[in-house]
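For clarity, chains are labelled A, B, C and D in written order, and residue numbers in each chain start from 1.
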């Protein structure tokens, strides 16, 4: 078995298994904790609209907060969008998803993917620089932050190298790329990358609780 | 056959003019990206040398490799290689049979001990004492070991002798292995392909005959000059790959437009061979040009790397059952974790009550 | 620490611009004589004990983006990263992951998250208490929607159990538990005050009517420092012709049990008010101008009680708004420009954002909103018990400067709010900075401008 | 009509040429020829350029053909397929194209030499020829 076979075979299988195992473990471990009934008289009888509202509106900061957060948010948005374009727009990736889910959608031109990939890498490097230099972020950061950054940028970099056939043979580059995805999947449920799922739960929870009180969302 | 015989004399005997020979040398030099002046040196040197003694052993194989080399349109430049060598044993081509054939091999070994070139096609079965393929009652394994002893170098022609090939495919019932799995103390060159391109076989043989050594090899013992680039690197459809234009089925608009076959499982990007440049059938075309993706036939284990039609970046295994099982497992463990935490909290509460 | 100790070591400062008790200079405070290990153990057990799915979701969701710092007045005023709201919870995050999270077993087995130490907790005392007013402004900026303020509340439970509360806060809470009021407004003091206030102002103040439709509560700050609020409340309720009363068995709306993180005391304090209201057969409990009192009763009261309350709970501003809109409350036009400071617990976190504005509208005042207003208004810096903590003063003054600038920028003639805790923070800040703005009470403003009958 | 022409499988475009179809390699080859001619005049050293070793577009080829053009000598050698030997407009520069029996090009060279080696009758072949001619005369006698 060569490296590519290992990557496409057992490595991916294990990564998928750990990914879904960890995801369901963590989500249930959180969601099944006790919930206290709230007997207070609600200001608004239905609270789910607040959940929806917060999930949507918190994607963009309030006017009052913009001046102080615009840089960090912009960089964050850039790399998130870049990742979405690269992950879901590149033809070989769509093939990958199709082989897993049977879903298919049209791909973006490769030039768009390459530019997005480059921008994403640049934005991620800025993100790391900010984490290292901004006193607040530096104080807050732990292994999870740096490792999650690493497992996020690695697939982009290895993917770009594979596409450009740079640095090694294509099958090695492709194998390393797939292995980096496997690493991402394995780490995903255990680190901060879970925010991609938790963001809806967390925002929704606050949105619903606050809507009940009429508190500011 | 045993007399010392210069190549020049042999050429004269068979009526091949020296201009034809010079032309052959020029073509081979061009093919192997040697400097043009090498053709003259090659022609000059070859004229004077003795014909190279070659023993060709065919083991667990389909004869496709020999067919590839011999069944080209006749007469071809490739076939001129047979004029350059003294093919002392090749059980498909030789006239002799039975004991006479085997004694030819033994005589050739004795006469050119330490100097003959050994060509092998086919893999070597090792299971059950190698009984799955024998020639004249001698197992392939024994014959290889014995013949390899006196060889100056060994050329494994085809994927089977290079990597084990189709006989080696899972579950490998005969325990087939490659030449390099058995012979460790001789220079071995692999010329993989199922079959290899005839010009490539001829080219590397010409090189050995001319220079008396094997050309530069890569990490899989392949001659770099033919196996340095992937099919994908040299593919005329590559621009479509770079633009992200892919045929999705064999009869869609993309296929008709000659777009890239990556999504149809083409293994071009991971296959190192010269098909895209030298092509097949005297330069007529190669598989991708005929509208079918590369199978990767010159790569190790190509038979076991998933379907020929499965795209390269997709998972090899069917992961659905694993994912389902792991999800259920995660749900169970997560539930237990939550229950344990709740109990833990309740215990604190009770303790507090006391 | 005995009661006598508390009173001698931390005498009440009744003549200061804000109420508090004296506290010796000290890096951090400890109560009781528990061994350190037990303190940590107790803190963590009690922190974990109250953990539910909601708090767990929050703890799991933080992405360490640091944006919450930009919403916090203490960080913005100092640019000191330790005042980043979520950082204030660091040891508790650590404890949660180790003790209650879904991967707790793994964290413990591999010791990936270390046990919290008593030194850490001591260090964090300042962050959990001195530098957090639980104003919840950070909750609004958090891209993950984490309600950080509520987590600080939970963390305070653990700190309280471990005896790691700043002395003033603990002493005040203890006094409240013991005397029924944190600042010495005992039932007797309260009753006496009501009597002389009624005489002085020629207004009828009902105390301990056995039956009433409306129960009014006061905060001890108002009773002791802003007694005019008692008069104003009485005037307005009388103006509306309501059958109302104060009750000496339940008049104190402040809940220092909640502020200091003592759930038992919180419950006891809330139950007094609830039982008094039920005893009077009242259908409405009006909460005074006090931020945390609103949160404690309006949103937590029923949960402390264990079932829905058999009466309505309104903040005084909501009550005034209802009656302004219905036309029952008739006021003379004020004819001045003013700006309104939103008390965090009532406005941002309580949901009574528009009520005071409706009241001001009824007063005919021209409201000039501050730059960041309503739900995102800046905190005065004194909430969450911070104003009582002496060692927090320098930090609080820095944060208060944000507030002063905000108010000055409006150019309004008057400054109004509806929280007596904000009010005393403003008064203290005014005194400290020799500022020309005096915070007015919405309640008193309305009472002073009632239309003569 | 077989319909085969609708199947687009013969789109051969190994290079992505510039808009005018020139890769720049033709120009490089012409400059190289100048250098090789200079060497030949100075030292008498022969040399050759293998056109297959360079990526050339059809336009490149046209450009080379047009620039080098046809000189005075044009020879065909019939040995295992044709070999075309053409002198260019520039004496000493020869264009040799080797075909196999099927007519595919197997080698394509530009040689800088007075007479290309393949045109000369090799000494051994001359000797062989002499023998054969003698034999023939002997037989005829």
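The working rule: a contact is a pair of C-beta atoms (placed from the backbone, for glycine too) under 8 Å apart; a residue touches a chain by one contact, two chains touch by 3 or more.
If you're wondering where the values come from, they're calculated on a predicted model, not measured in any experiment.
Enquirer: Moving step by step between touching chains, how few steps can get you from subunit A to subunit D?
Expert: 2
Enquirer: What chain is most central when centres are computed from CA atoms?
Expert: Smallest centre-to-centre distance to the global C-alpha mean: chain A.
Enquirer: Could you tell me which pair, A-B or B-D, is linked by more C-beta pairs in contact?
Expert: The greater number of contacts lies at A-B.
Enquirer: From the mean C-alpha coordinate of subunit B to that of subunit D, what's the distance rounded to whole Å?
Expert: The separation of the two C-alpha centroids amounts to 32 Å.
Enquirer: Between subunit C and subunit D, what distance separates the C-alpha centroids? Give it in angstrom.
Expert: 96
Enquirer: Please report how many Å separate the Cα centroid of subunit A from that of subunit B, as a whole number.
Expert: Computed from C-alpha means, the inter-chain centre distance equals 43 Å.
Enquirer: Once you find the CA centre of subunit B and the CA centre of subunit C, what distance in Å lies between them?
Expert: The mean C-alpha positions of subunit B and subunit C differ by 80 Å.
Enquirer: What are the residues of subunit B that contact at least two other chains?
Expert: Residues 334, 337-338, 341, 345 of subunit B touch two or more partner chains.
Enquirer: Do you know which subunit A residues sit against two or more other chains?
Expert: Each of 25-26, 28-34 in subunit A touches at least two other chains.
Enquirer: I need the residues of subunit D touching at least two other chains; which ones are they?
Expert: none
Enquirer: How would one label the connectivity among the chains shown: line, ring, star, complete, or other?
Expert: Other.
Enquirer: Any two chains that touch count here, so list every such pair.
Expert: All touching pairs, sorted by chain label, are A-B, A-C, B-C, B-D.
Enquirer: If you look only at subunit A, which of its residues touch subunit C in the complex?
Expert: Residues 25-26, 28-41, 43, 54-55, 58-59, 61-62, 64-65, 68-69, 72-73, 76, 134-142, 144-145, 190, 192, 194-195, 198-199, 201-207, 209-210, 213-217 of subunit A touch subunit C in their complex.
Enquirer: For the complex, give me every residue of subunit B touching subunit D.
Expert: Listed in rising order, the residues of subunit B that touch subunit D are 8, 12, 16-20, 22-24, 26-27, 29-31, 33, 35-37, 40, 47, 73, 75-77, 80, 234, 236-237, 239, 256-258, 282-283, 285, 289-291.
Enquirer: What residues of subunit C sit close enough to touch subunit A in their complex?
Expert: 51-54, 56-58, 60-67, 69-71, 75-76, 79, 81-82, 84, 86-87, 100-103, 136, 139-147, 298-303, 305-309, 312-313, 347-353, 371-372, 374-376
Enquirer: Mind pulling up the subunit A residues that touch subunit B in the complex?
Expert: Those residues of subunit A that touch subunit B are 1-2, 4-5, 8-10, 12-13, 16-34, 90-93, 95-96, 99-100, 107-111, 113, 165, 169-171, 174, 178.
Enquirer: Quick check on the complex: what are the subunit D residues that touch subunit B?
Expert: The contact residues of subunit D facing subunit B are 6-14, 16, 46-50, 52-53, 77, 79-81, 83, 98, 100-102, 104, 106-109, 111, 117-118, 122, 124-125, 128.
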